[in-house]
Amino acid sequence: MAPWSLNEVSEHNSAQSCWVVIHNNVYDVTEFLPEHPGGAAIILRYAGGDATEVYDQIHVPDALDKCLPGEKHLGPVQPDAARRLTEERIARKKTKDEVRVEEAHKRKPPLSHILSLAAMEKVASDVLSHKAWSYYSSSSDDTISAFLLVAISPVEIYIPAAYSENARAFSRFFFNARVMRPVGDCDPSTTILGYSSSIPVFVSGAALARLGHPKGEINITRAAAKEGIIQMVSSNASLSKEDIMAAADPTQTLFFQLYKNRDDDKALKRVQEVVGLGYKAIFLTVDAIVAGNREEDIRCPWVLEELESGKPAVWDENAPVEDVNLGGTAGNLVNRDDRNMKWEKTVPWLRSVTTLPIVIKGVQCVADAVAAAEAGVDGILLSNHGGRQLDYSMPPIEVLYRLQRQRPDVFLKLEVYIDGGIYRGTDVVKALCLGAKAVGLGRAFLYAQSAYGEAGAAKVVQLMRREIVTAMQLVGASNVTDLKPEMVERVDWECLPKSKL
Amino acid sequence: MAPWSLNEVSEHNSAQSCWVVIHNNVYDVTEFLPEHPGGAAIILRYAGGDATEVYDQIHVPDALDKCLPGEKHLGPVQPDAARRLTEERIARKKTKDEVRVEEAHKRKPPLSHILSLAAMEKVASDVLSHKAWSYYSSSSDDTISAFLLVAISPVEIYIPAAYSENARAFSRFFFNARVMRPVGDCDPSTTILGYSSSIPVFVSGAALARLGHPKGEINITRAAAKEGIIQMVSSNASLSKEDIMAAADPTQTLFFQLYKNRDDDKALKRVQEVVGLGYKAIFLTVDAIVAGNREEDIRCPWVLEELESGKPAVWDENAPVEDVNLGGTAGNLVNRDDRNMKWEKTVPWLRSVTTLPIVIKGVQCVADAVAAAEAGVDGILLSNHGGRQLDYSMPPIEVLYRLQRQRPDVFLKLEVYIDGGIYRGTDVVKALCLGAKAVGLGRAFLYAQSAYGEAGAAKVVQLMRREIVTAMQLVGASNVTDLKPEMVERVDWECLPKSKL
Amino acid sequence: MAPWSLNEVSEHNSAQSCWVVIHNNVYDVTEFLPEHPGGAAIILRYAGGDATEVYDQIHVPDALDKCLPGEKHLGPVQPDAARRLTEERIARKKTKDEVRVEEAHKRKPPLSHILSLAAMEKVASDVLSHKAWSYYSSSSDDTISAFLLVAISPVEIYIPAAYSENARAFSRFFFNARVMRPVGDCDPSTTILGYSSSIPVFVSGAALARLGHPKGEINITRAAAKEGIIQMVSSNASLSKEDIMAAADPTQTLFFQLYKNRDDDKALKRVQEVVGLGYKAIFLTVDAIVAGNREEDIRCPWVLEELESGKPAVWDENAPVEDVNLGGTAGNLVNRDDRNMKWEKTVPWLRSVTTLPIVIKGVQCVADAVAAAEAGVDGILLSNHGGRQLDYSMPPIEVLYRLQRQRPDVFLKLEVYIDGGIYRGTDVVKALCLGAKAVGLGRAFLYAQSAYGEAGAAKVVQLMRREIVTAMQLVGASNVTDLKPEMVERVDWECLPKSKL
Amino acid sequence: MAPWSLNEVSEHNSAQSCWVVIHNNVYDVTEFLPEHPGGAAIILRYAGGDATEVYDQIHVPDALDKCLPGEKHLGPVQPDAARRLTEERIARKKTKDEVRVEEAHKRKPPLSHILSLAAMEKVASDVLSHKAWSYYSSSSDDTISAFLLVAISPVEIYIPAAYSENARAFSRFFFNARVMRPVGDCDPSTTILGYSSSIPVFVSGAALARLGHPKGEINITRAAAKEGIIQMVSSNASLSKEDIMAAADPTQTLFFQLYKNRDDDKALKRVQEVVGLGYKAIFLTVDAIVAGNREEDIRCPWVLEELESGKPAVWDENAPVEDVNLGGTAGNLVNRDDRNMKWEKTVPWLRSVTTLPIVIKGVQCVADAVAAAEAGVDGILLSNHGGRQLDYSMPPIEVLYRLQRQRPDVFLKLEVYIDGGIYRGTDVVKALCLGAKAVGLGRAFLYAQSAYGEAGAAKVVQLMRREIVTAMQLVGASNVTDLKPEMVERVDWECLPKSKL
C-alpha cells in the first residue's frame, strides 16, 4: 500500500505487472500497455522505475491522470524515496545535446529578422534536440549513409529523398505573369470545405509538437486562431484532441486527421469523440499504413550515445545482436492502424458513422484522385506524407499538374489540396493556379513553434500572407479566383542547387 | 529666426513639424514628407537633427534647394552649432564597411584588364558599400537564407532567384553558325524607335546610381554620348531628370522610364515635364507596381549593425517588436505608383497626353505581348525587372523565344526589346536572331560606373561592341538584318554551373 | 628428389619448366600454365620461388591439390628451407595497406547499425585492401584521371562511368503509388525459372570473393541458403564450383554463370560438370568477351608501390618501357573465352549439350532481347556487367523500360531479369513493375561478405526484404503480381547529386 | 658594315627601319614585317635589339635564314657584343614560371602510367609554360572571370565555354550494344579520302607546337608515320610546311590546313607550294576568319607579370591607357586571312588552282553541310575550332547527329569528319556510328608532344587504338562498316560533373 518503497515498485518490472513512477506517484500501467499510442516497448524500458523524464518529453502533466482509471493510480512513493528521485532528476548531468540546445536558444536571432520559412527552419535546426530534429526532418530512405559513401568512393550514388524532391518540383513551374491588371486591392482569403480562411493555407497534420516545445500543438492552435487559418489536428499529436479543442477559440475551425484503427469499434469510438468535440471535418490518412524507412530517426539513439560517450560503437562479433527499432518513432504510432482499407469499404463505413465532410489525405496519383471522386468524398489532399513514406513517390505538385491536364473534371467534384515541399508564397500561388483550393504546411509550423512558440507559428502565417499577396499582385490577380492554369507553365529545365556561400 | 540653435531645431522632430539640417542650413520639410520619392520614414528618422550624411549618399548638393519652395529654406544654424556639426561629421569614425570600401578601391585592377561584364561585376562587388551592393544585386526572394539552411540540413532546398535564371536561360540557346559569308565589313549599328544606336544595346532604367558613385547617372549619360548609344532614364534616378538632360550632349537621345503615379494629375505633370525636357520616348513601367521581396536589401541594416558591433542580434522575448522595413529600398520608391493600370485605360490616357512613342516595359508573357500590340503601343520591353520582382517569372529570352514561335506577327506591329541576364555579346546576338530590335543593360552600367566612373560605363559599351561584332562575324552576319531565327536553336540540355577554381 | 633445396627449385623459373613452392611443398605447374584461370603471367612472376602468399589470397588451401595431377606434386622442400620460408613469411613486414586494413576492421560499426546497402559499401571501402577495392569497385573507363584533371583545369571534362549511370538511371523512375488497397499481408516471394525465392532478388555472378574474405563465395552460399534466395555462381569464383556446391544446403538452388571457352570441347566438359554437380540453370555470359578498360584496377600495383615507398614513380626517358597489364585482373579471367559466339550457333550448341534452362546474361538493347526470344532461350539478364565493360552502355533499367514499351510481347516468351545499380528496395520494386521477374545483386554481396562474412551477406537480404515489403505496401501491392507498369512513370527531370555533409 | 656594334643596330628600331639580332647575327626585317605570320607588333617590340629568346620559342634555328633574302642577312655583331649578348642570355635569371616548368618535368609520371588522354592533359597542364597552356587550352569567352565572380556573388552566372560543351555533348550519346556477334578479329582501320589509316583518327590542325616542345610539329609527324595515321598540317604550324614534309616518311600521307590569304595571289602561291611538296588534300579553314575572344590567352602577359613581381596590377586613373592585345595569340595569326569567302566564289577558285581533294574545315550546322555538298567538295570537317571561336557554337557531335537524322543523303556525297571534345575510344565509335568517316584530335597531340615528345604523340594513337578496338568489340563490330546509327541513342538525361576526389 502507498506510500511505496522503491523496492516494492521495482518488482513490477515486466509486461505481466508493469508499474512506473511519474512525478513521484506510482501507476499500474499493465493493462494500458497495448493501448499506449507510442507502443509498449518504450514503457517497458522503465518498468519498475522512474519514467518522469521521458514522460514529460511527450506528454502534458495530467495526460496519464486522464487516460488511466482511478484504481490504477496507486499513490505516492515514500517521502524519502520521493526526495531521492527528485534529487536524482535535478542532479542528473545535462547531456551534451541538452547543453547544445540551451546555448543555441541563447543565440537565436530576433523573430523580426526571420524573413522566410527557410530561415525559420535554419533556426529550428539549431535549437531542436537531436531527437526532435531527427524525427521532424527525417524522410524516406534517408540519404545520410549515401552522403558518407559519396565522400570516399570514386562512384557517386544518387539516392534522392522524396522530401527534397517535393520542394524541388516547384522549381519546374514558372509564371506567365500578366501585367496591366488592377491589383491595388488584393484579397488572398478563401474557403476550405465552406469554412473561411484568411489565406489559402492550412496547418497540415504533424505529430509530436511537444518534442520541440513544452506547449506543443497549442502554440499552433492559438496562432491559427489569431491569424485566421484552419488547423488539421493529428491523431498523433502530443496533446489530446480534447486538450487542443479546449485551447481553441470558440469560433475557430479545426479539422481532424484520422489514423483509422484496424479495429472498427475503436475507430468508431474515436470518430464519435471527434464529432462530439466539434471538429469540422475528417481527413482520413491513407499514405501511412506502415511506417516509412526513416534512417535518421532510426539512427538517433546511436548518434546521441556516440555524442555523449565520444566513442563510436564498433563491431564485436561475439556480442549479442542489438535489437534495433527499425520502425523508428513513426513505427510505434501506426502499429495498430488499418492496413486493409479499400475505397469500396472504408469510405462507406466512414460515411455511415459521421455526417462530417470526408477528405482523403495521401492521394499520390491521378488514378486515385479519380477513385476518390467516384467514392464521393468531399476532398482530397495530394500528399506523400512530406516525403516521409515512399521514396520516389511522385511530388504532389506534379500530381496536381497531371490531374489538371488529364482529368480537369475532378476539380468540379471535390476540393483538391496539396502539401509537401512548400516554402514560398510563389509555391502557394502556383498550386492555386493549377487548381488547388488550399495548401497545407506541416513541418513549417513544427519548426516555428519549436523555435519561438506561439509567436513563431503566427510568423509563418504572416510571412506566407505577405509573400502570397505580393505574388498574386505580380501575376495580375486581385483574388484567388483570378489564378488560372495558363498563368503557370511547366518548364523543361532544371533548377540547380545553389553553391554554398 | 535664423541663425537657429540646435535646441530650436530639435523641437521640430515629428511629422507634424519636421525640420532637418543639411550642410548647416535648416529646412522645413513637413509638407514635403508625402512627396519624398524615398518615403517619409527615412526623413523622419532625422527629424529635428542633422541629415547631411544620408542626404549626400543619394542626392546632389542642390537637389533640395530646387525642389523646396524658398520659404521653407529657414536659414543657417548658429555659427558655433555649424562648427560643432561640421566637426562631428569630420570626426565621425569611419564604419568598418567604409574602411573596407576604401581599401578595395586601392586594390582594383586597371580598367584595361577588365575583359568582360562579369569581371566588371566582380570589381563592383568589391568596391561597393554593402548597402549599394545589397540594393543593386538583390533579387526576388533572395536565396541567402536558403544558402545558410542548405549548409546544415540533410535536405537541399532549391529556391532559385529569378535573377540568375535570366542569365542561365541564355545558355539553352546555341548557334547554327553559317560560314563562307562575307563579313569583312561588319556593322553592328541599328535604330531604336527611329533613333540611331552604334550597337543594338541601350541603357535600361536603373535607379540610385549615386549609391555607387558621387556623380551618379551622369557617368552613364556622358558615356552613352561618347559611345553613341541611348539611355533610358529612370523616374527613380538619384539625379533629377532635369540634371541628367542638362548633362547630355545636345544631339544625344534619351528615353524616359515612367513609374506612373496613382494620381493622374501628378502623372500628367511628370509626362509634360519629360516631353518639355526633350526625352524622346516613354517607357511605361508595369512590372513593379509593388516592390518584390528582396531579402538581401531588407536585411542590409542588420548586417551592417552586426558588422560594426561584431555581435549578432539575438532574440529577446520581452523586447518590443522591431519595426522592419519589408519593402526595402524599392518599397519606398514605388509606394505611390498606380496599381490599377489597365490596357484599355492606361494606354489611351498616355496617348492622350503625349505624342511621344510609348513602350511598355515589363511584359512577361506572350499573351501580354499580343495585348500590347492590340493596344497599339510602339514597343515592348520584355523584362521581369532584372529578376527583382516576381520569382519564377519566365526569363525574358524564353518569352522572346515563345513569342517568335507562337506569334511572329507581333514583331511586325511593334519593336521588341529585352533586358535581364545579358552578360556577353553572344547573348545580344541570340536575342537579335530571335527578333529583338535591341537589348537593355541595367546593372552592368551601375556596376561599371560605381567601379570606374564614366570610363567604366564607356568600357561596358566597348566590351559589348567588340563581342557583338566578333559573334556576328562568326555566325555569318555583316549587319543586324542578317541575324535570323534559324541561326539560334533552343537545345534540350542544361549548362551546368562551373566548379570554382 | 624431394626434399628439395631452394637452389634446385630456383632453376625451374620459366615457362619451359615452372616450379613453385606453396606452403613448403613444391609443384610443377609447367603444363598447368595455359590452364590457369588467372593467366600464366601471374604464376611466372613466382616461378622458381615461394608463391604461398599470393596463392592464399585467391585460392583455398587444397585447390592446387585438386586440380593438379598427383605426379606434379613434387614433395616438400628441405626442412631448413621450409623453416626459412615460413620465417620469412612471418617476418615479412606488413605493408602500409595491410596495416590500414587491420585498423579499419577494428573500427567498423556493429552490423545492426548498417541500415542500407550504401552504408555496407562504405564499410567495405574502409576494410578492403586496395587491391580488392580496385577490382570490385572499378568500372569501365574509370574516371580517376578525369577527376584529377578537373581539379586543375579551367575546363571540366565529363566522363561518366557506366557504373554510376546504372544507379542514377533508377532516379528517373517515380511511383504512381496506389492507396486504399489491402496490403496487411504482403508476400514478396516469387519464383525464378520455377525455383522459389523468398524475395525477388538473386545473387548475380561476381568473381574473386576471397580477395575480400578468406571464406570467399561460401559466405554468400550459406547466407543464401539461410535467407531463401538463389545464388548464381561465377566461372571465375575464387572457389571451385565443386567446393561451392559442397557447401550448399541439399535443398538450395544454385545457378551457374558460364564463361564459354573458345574451345568447344573444354566448354562442353565444363557444362557437363556443372550439370553433374546439380546446378539448376546456365547463365551464358555474353557481355564480357573481352575485358573492359578498368583504369583503377590497372593502376592498382603502382598505387600500392607508391603508398609503400612514399615516392611517386617518375618518367625516366632512358629506362626500359614498363610492361603494363592493361587487361587488369579481368583480362586474365576472360583470355580464353569465346569471342565469336553467335545467336544461331551458340544457343543451339548449348541446347544440344544440356537440358538445363538457358539464360543469356548481358543483353543490352531491345534488339538483342528480341533475338534471344527468337533463339528460344528461357530467360535474359539485362546487364552491362555492372558497368565494368562498355562505358555508355545503356543502363539496364532503361533497357527494361524500352523493352516494356516497345516489345511487351517478349515478357511472355521468356523471363527477364536485370542487374546493375540497385541499392534500394524501391529499385527492385520499380524493376518488377516494369516487367522484371527478379533482380540480381553482385557487388553488394561481395562488399557485405568482405566486411562481415556470412552475417554480412545475410544482412543484404534482410535489408532488401524489409525495404521491398515496405515499398510494396506503400505502392499498394500485396504480392509481386500486383506490381504493374502503370505504377512507375519515367520522369523528365534529373535527380541531382547531393552535397556532402 | 658588319660586324655591327650594338649602337648601330639600336638605331634601326622602328617600322621604317627594323633590325633585330638573332643568335648574334643582324637581320633587316623591315620589308618582312607585313609578311610575318605572327604579326609585325611582336617583332617591333624587339626592333634594334636582341630577339633571340622569343624567336627560339616559336621558330627552328634556320627559319629566318630560309624565308629572308640573302641581302637582308647583314652579318654578325662585333665579337665583344656577341660575347655580351650571349652572357646576358645565359645570365638571365629564370622566371618563376620557367622554374616551375623545370620542376614539373622532373616529377612527371612514366609514360607507361598514362592510361587516358585526360591523364596526358593533366601532365601537360603541369609541364607547360603558362604562355603555352594559355594558348593551347583557352577557348572562346573564357570563363575565368566568371569563376571568380561566382565565388563572391550570391548569384551564379552560367557561362559555359564551347570547349567543354564539345566534350560534354558526347555524354548524351549512349550505346545500344549488340552481343553474340563474332568480334574475335576486330580491325579498326579505315581510309580517309582514299588514303589508309590504321585507326579512324587523324591529327587535326593545331598551331605552334614549339611552344610546348623544341622539336614542335615534327614530334607529331614522326609519331603519325610510326603509328600509321594521317596528319593535317596547319598553316600556322611553328615549323614550315617544307620542314614538316622533309621530316615525313616517304610513304606517309600529310594533308594541309589552309588559312586562305585575302590576297588571292598569295593564296594561290601557297596552294602551289603545298601541291608541290606532296600534301595530299587541302582542308580550307572557314571557322576562324577572325580570332575568337580567348580571355585566358589575352590575360597571359599580366598573369606572368604578376607572378614574377608578386604584385597584382592596380588601377591608376592618371596612368596612360595600356594597349591590350585583345586578339591574343590567334589574332596575329589570322590577321590577313580572307573574311569574305563565299561558297559560290571560293570553292570554284580553289578547284581552279588544284586538283587535290578539297575539304571544308569548320562546318557548324546542317545547312552548311548541305551547301558544301552542293558546292561539290570532297569532304567536310564538322568543327567549331575546338570551341576556341564562337561560344555556344553547336557541338560537332550534335551537328553530326542532326545531319544523320535530317539529311542522311549528304553522307553519300562527301566524307564527313568531326573534331572537338574527343577524349575516349567510345567517343570515336559514337561518331563513326553516326556516319563520320574519321575524327580529328588536335590539342591531344599538342599536349602529348609537349609532355613526352614524339613518344607522347605516339602514345595518343596507342591509347586510342586500344580503346577503339575494345569499344568496337563490345558494341559488336568487327570492322568500321559494322558501326550503324541504330547502335547509338541520344538520351534525354544529362551526365553530371563528377565530384572531386
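Each chain carries a letter (A, B, C and D) given by its place in the written order, and its residues are counted from 1.
Here, a residue touches a chain if its C-beta (ideal position, glycine included) is under 8 Å from a C-beta of that chain, and two chains touch if they have at least 3 such contacts.
Just so it is clear, the model here is predicted, and its values are computed rather than measured.
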For chain A superposed on chain B via Cα atoms, how large is the rotation, as a multiple of 5°? 90
In terms of residue numbering, is the interface formed by chain C and chain D classified as same (over half shared) or different (under half shared)? different
Using C-alpha centres only, name the chain that sits farthest from chain B. C
Note: chain D sits from chain B at a C-alpha centroid distance in Å of 44
What is the distance in Å between the mean C-alpha positions of chain A and chain D? 62
Residues touching two or more other chains, restricted to chain B: which are they? 143-144, 147, 150, 154, 156, 492, 494, 496-501
If you look only at chain C, which of its residues touch chain A in the complex? 106-113, 115-116, 118-119, 121-122, 125-126, 137, 139, 142-144, 147, 161, 163-164, 167-168, 170-171, 173-184, 296, 423-426, 430, 452, 466-467, 470-471, 473-475, 486, 489, 491-501
Counting only contacts in the complex, chain D reaches chain B at residues 141, 143-160, 165, 168-169, 172, 262, 286-287, 289-293, 295, 298-299, 302, 312-316, 319, 321-324, 326, 339-343, 346, 360, 362-368, 371, 384, 389-394, 398, 492, 494, 496-497, 500
